[in-house]
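Read through the structures below before going on.
You will see two complexes here that share chain A, one where it goes with chain B and one where it goes with chain C.
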Partner chain A sequence: MDITKFSIPEIIFGRGALKYAGLCAKRLGAEKPMVVSDPGLREAGWVSRLFDVLAGEGMEWCYFEDVVSNPRDFQVAHGALFYAQHQADVIIALGGGSPMDAAKGIAVVVGNGGSIHDYEGANRIHRPLPPMVFLPSTAGSGSDISQFAIITDTRRRLKMTIVSRTLVPNISIIDPNILTTKPRHLVLAAAVDALAHAIESYVSIIASPFTELQSLKAIEMISIYLPLAAREPSLEILEALSIASTAAGMAFSNASLGADHALAHSLGGTFDILHGEVHSVLLPAVMRYNLEAALPKMAQIGRILTGKNIRHERKAAEAGIQSLENLFASLEMKHRLRDVVPDASHLPELCRMAASDACLLTNPRSATWMDLLKICEEVW
Partner chain B sequence: MDITKFSIPEIIFGRGALKYAGLCAKRLGAEKPMVVSDPGLREAGWVSRLFDVLAGEGMEWCYFEDVVSNPRDFQVAHGALFYAQHQADVIIALGGGSPMDAAKGIAVVVGNGGSIHDYEGANRIHRPLPPMVFLPSTAGSGSDISQFAIITDTRRRLKMTIVSRTLVPNISIIDPNILTTKPRHLVLAAAVDALAHAIESYVSIIASPFTELQSLKAIEMISIYLPLAAREPSLEILEALSIASTAAGMAFSNASLGADHALAHSLGGTFDILHGEVHSVLLPAVMRYNLEAALPKMAQIGRILTGKNIRHERKAAEAGIQSLENLFASLEMKHRLRDVVPDASHLPELCRMAASDACLLTNPRSATWMDLLKICEEVW
Partner chain C sequence: MKSPPSLEDLIGIEYSKLGFFREAQEKIAQLHASTLELERRRQQIQAILDGITDVMAVITPEGRITSVNRVFYEVFGGSSPIGRACYNVFRGSDRFCDPCPATIAYETNRLCRQEHILTLQNKTRHFEITASPLRDPQGRPCHILLLKRDVTLEREYQAKLNHAEKMSAVGLLAAGVAHEINNPLTAILGFVQAIRKRLPEVRDRLPQEFRSTLEEYTEIITDECARCQEIVQGLLSFSRPYTGATTAVDLNQCVQETVRLVRHRFREFPGLQYAQELDAKLPPIQGEPSQIKQLLLNLLLNALDALPNGHGAVRVRTFVRNDHEVCLEVQDTGCGIERESLGKIFAPFFTTKPVGRGTGMGLSMCYSIAQAHNASIEVESEPHKGSTFRVVFGLMP
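Up next is the complex of A and B:
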């Protein structure tokens, strides 16, 4: 086995864990943390709940919410300026993937200077970041666990993938209560994103026994709890999806992803698509493309997704993909690319960008931009 | 689900990973690390290999090897003095549980002052420790992963259990090559210790989905690779046992242990027994004691240990214990307490000490010192 690395944050998990946010920030030296969140969470009351916790620890704070879905490079620059102006010391992010990734981008620029574009790709961050405490509000992005940050480059209209061990937050506080105010379609989209993390990390060429264990756990749990969440996202179900998303985060942070995410980043950067909504289109198609290159693992995924102990590897793998397509159809999720992307004429350019995304490096089957285009055309 | 915590070090795993020790220490600010190891590893050549790596990074170091099996309180005090005299900055431990636990004890006293006895129990360390890079030489103790340190109190003749999140090393470098020079009986004893960690953490009353996953993985792998290691501890098998031991370490560090370890600490402190050798006697007896209190989980353990899908819970659980006893017998491990402890007259006192060990708090069935005595008498 090659030398492998496994790095995750300290995790505090459970209903009501939000109350530890102040103590955790303090433990990391906070006197005036910068809170990064978004208007939706403020309106749902979670931002003021967090402020109460910080006040309870006798702390001051500054608050930044100039963040949109698919956070932009200029928002990161604004945030870094804001951090400096307010002489903040620790970054607390409360939100889904967007506020969390924006917070990571801000931390990079605060600690390393320059512009966030300077750090695109793997292992290009060389100086330490301010301490980070993250509170996810969705069970999906895994940004609270991972060494990934995805920031939209507004000039090139693509999502930059930034990967560095220093992007793993110090502490992840996962409180399933925070998920209860999310609309159902966002809960489902996030769970599908987590499922894509689990599947892509499992078949990644740098998967290790440490990540494979987490990937399989996440695939199993999401295949059980995603349909239940579609009916009624109770706190029990949101808790289970949070466990699964955390496991998937541990896996993909350390094993990386594949062609589905490479394409999703390229599509998302150009068309400002909800990230969790493209996987129902792309993931089964990418799994078909990868099938022969990772047959025993694809068969294992198939056995979990179907709940059947199908011996024949190819049959198990194919049944798994079919089962996934049936699941997405039953949830009325998008299943053709034309439902997501307004115009097919951009596809060649999108696939060229996807071909240089860091996630493609670990896909089990190599893919040129033309291979990616063929995948996209098949699901158009 | 109650609020749960999951904290592990950054892990670098694989053959030859030793070469990263210098870089890792440097990343934590080392200019002059203190290396803690033991004469056995020095004689096997691993200490000088480590020095070569540090020299390759242009580092100075100081070296401490006044450590025995079941490390003593006074050795910790000597080590802390040594650290201060040499103005060391980072602690690098290379060894089995004993050098690693001694290194943790030294780090506690260096960072917090006083004597190591002041920190016995859970969460009594309040100031930061010097950074720690650990390189385990056995697949068993899990000290390179865990928030536990076990130090012998020479006056009271018992092992103190010290538990604190700050005892998790910053970086664990797990290089299975280092295990190749260990005698076979130590490899096996360490694997049985890891199996006890996995089983006790799985049935712990504070087990979480994060720890349960790791416990089950470790039980499965050790049940496969322990018998193979007894025949021929090849590098492949040592690597597999290292993965299992790391998984068990992640589990017990966060879910703690039970009555088997409480008794093992008390016995080991009084009679200076090789820690890994008492579990073959105590673990099956403690599992029988716990059977009804954790029946579904004990059944799951039984299914893994027997490799049979036994539906009936009690039968599965009992078959598992029997299978474990058969395994230990086939490996010619100790199976009566009189083979380990020289004199039964000490048992009441030993059990009284075990009853106040921190590990007993998470045993699935509560136990008084008299319950523990009954367990010991059954296996005398």
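Up next is the complex of A and C:
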């Protein structure tokens, strides 16, 4: 086995864990943290709950919510300016992947200067970032665990992938309570995203026993709790999805992802599609593309997804993919690319972009942009 | 174009979450270095401030002292004045001085100078106060720097110098008057002598008593005129400007001429015993007579002033010592000179005489005259017993 690495943040998990946000920030030296969130969470009352916690620790704060789904480069720049103007210290992100990735981008620019474009790629961050405390509001993105940040380059209309161990937040506080106010479709989309993380990291060519364990656990839990969540998203079910999503986050942060995410990034960058919604379309097709290259692992996934101990590897793998498609269909999720993307003329360009995405590096079967285009055409 | 990430990049074994430890270390090192540098500069500035011999204080516009230098404690002593009002610390007053140089400097944003006389530890001190505004980066005055220079000695010297100048003006005036008197005096003498010449012609026609009275009177007039002339000559010889031309000088004659000039002062001292011992075989010296007479005059006047209540003896001697030294000596039995003053008596403006009596220039003048003649002055003195001043000339080449 090659030398590998497994790194994750400190994780505080449990119902009501939000109350430790102030203490954690304080331990990291906060006197005036910058809170990054979005209007949805503010309206749901979580932002003011967080403020109460901070006030309880006698802290001041400044609040930034100029963040949209698929955070933009200029929003990061605004956030960094806001941070400097308010002389903030610790960055606290409360939200889904978008506020958390925006917070990471802001932290990079605050700690290193320049613009977020300067840090696109792997390990280009050379100076420390402000301490980060993340509170995920979805069981899916894994951004509170991962070493990745995805920021949209508005000029080039693509998603920049920024990879650095220093992007792993200092502390991740996962409070399943926060998930209870999420709309059902967002909960499901996030869970599908987490499932995609788990599957892609499992078959990744740099997966290690440490990540595989997390991937399998996540696949298993999501396959059980996703249908349940669709019917009745109780706190117990949301908690289980949170555990699964966190496990998937640990796996993909260290093992990276594959072709599905490469395509999802380029789609999201071009058309501003909700990230969680493209996996139901692309993931089964990508799994089919990878099937031969990672047969034993695909078979293992199939056995978990079907819940049946199918001996024959290929059959098990194929049954798994079929079971996944059935699941998405039962959840009334989109399964054709044309439902997501308005017009097919952009697909070649889009696939060329995806071909240079960092996620494609770890895909078990190498893929050119033509291969990716073929996958897209298959699911059109 | 940035190189695309590799698998190794994704695994990132060589990369970790970056901490602030190294940054903090570097910052601490930088801070440490800059602290040392600041301390070094502070000490340098402190040394400069301590090197200033004036009392220095920084005060707020409200008159509160915020810092002082070392000299402050030397002059004013006592405890720290920080936070106290300047008028209270410096003048023991409970309100602002009028006019207050600090307020003027603050309001005009310009330097303000003032002089102030102050009694400190029972001594009257004369201070020159300079108040200059300390400006903030916008150029507005925010504090006032007060410098207090002790100019007591300078002012004393100044006063003495003024007095000496006045005296020299009086001397000049006296010489002018002497010159003016000389002419009528010559006329009076001439006519008296003419009367005396004509007297034998009419002698027989005058009554005996009147004739002898007339003879006696004209003789007195002649004598007194001669005395007047001597005094006038003496004054004139003193006021003659120093030409630098030297001649052979008979010290004994100098003594006689000088003593004649001060004889009138002897009468002010009923208890004075004056004696002079002049060596008849004294060789002449090379010099300027008026200067030597000035020197001797000063020594004589000092001797007279030294006599307590005008009682005592003064003796002037001339003699040859060791075959090659010609000495002129003035000895008195006066109050003598204290040991600690002995080193300073030739310094300009040094005096122990009461205010208004001495200028402190007499002996200093003697010293420079002696120097010009390649002569030295020897002083022997014992408090309450008397002093001896001996001017030692060389033989004429």
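One rule holds in what follows: the second predicted complex is superposed on the first by the 380 of 380 C-alpha atoms of A that agree within 3 Å, B and C clash if a C-alpha of one lies under 4 Å from a C-alpha of the other, contacts with A are read in each partner's own complex, and residues count from 1 in each chain.
In this text, contacts are C-beta pairs under 8 Å (C-beta built on N, C-alpha and C of every residue); 3 or more make two chains touch, one makes a residue touch a chain.
As the structure is a prediction and not an experimental result, all values here were calculated from the model.
When both complexes are overlaid on chain A, the residue A:239 reaches chain B alone and has no touch with chain C. Residue contacts after overlaying the shared chain place A:88 against neither chain B nor chain C.
Using the contact criterion defined above for the overlaid structures, shared-chain residue A:358 touches chain C, although it does not reach chain B.
Contacts of A:256 after superposition: chain C is touched, whereas chain B is not reached. Shared-chain residue A:14: touches chain B; no touch with chain C. Of the two partner chains, chain B and chain C are each touched by A:3.
By the touch criterion defined above, A:206 reaches chain C but does not reach chain B. In the superposition on chain A, contact of A:121 is made with chain C only, not with chain B. When the shared chain is aligned, chain B and chain C each come close enough to touch A:165. Residue overlap on chain A between the chain B contacts of one complex and the chain C contacts of the other covers 3-5, 7, 165.
Within the complex formed with chain A, the chain C residues making contact are 2-7, 9-13, 15-20, 23. Partner chain C is touched in their complex by these residues of chain A: 3-5, 7, 120-129, 147, 161, 163-166, 168, 170, 205-206, 254, 256, 356, 358, 361-362. Of all the residues in chain B, the ones that touch chain A in their complex are 1-8, 10-17, 20, 165, 208-210, 213-214, 217, 239, 243, 246-247.
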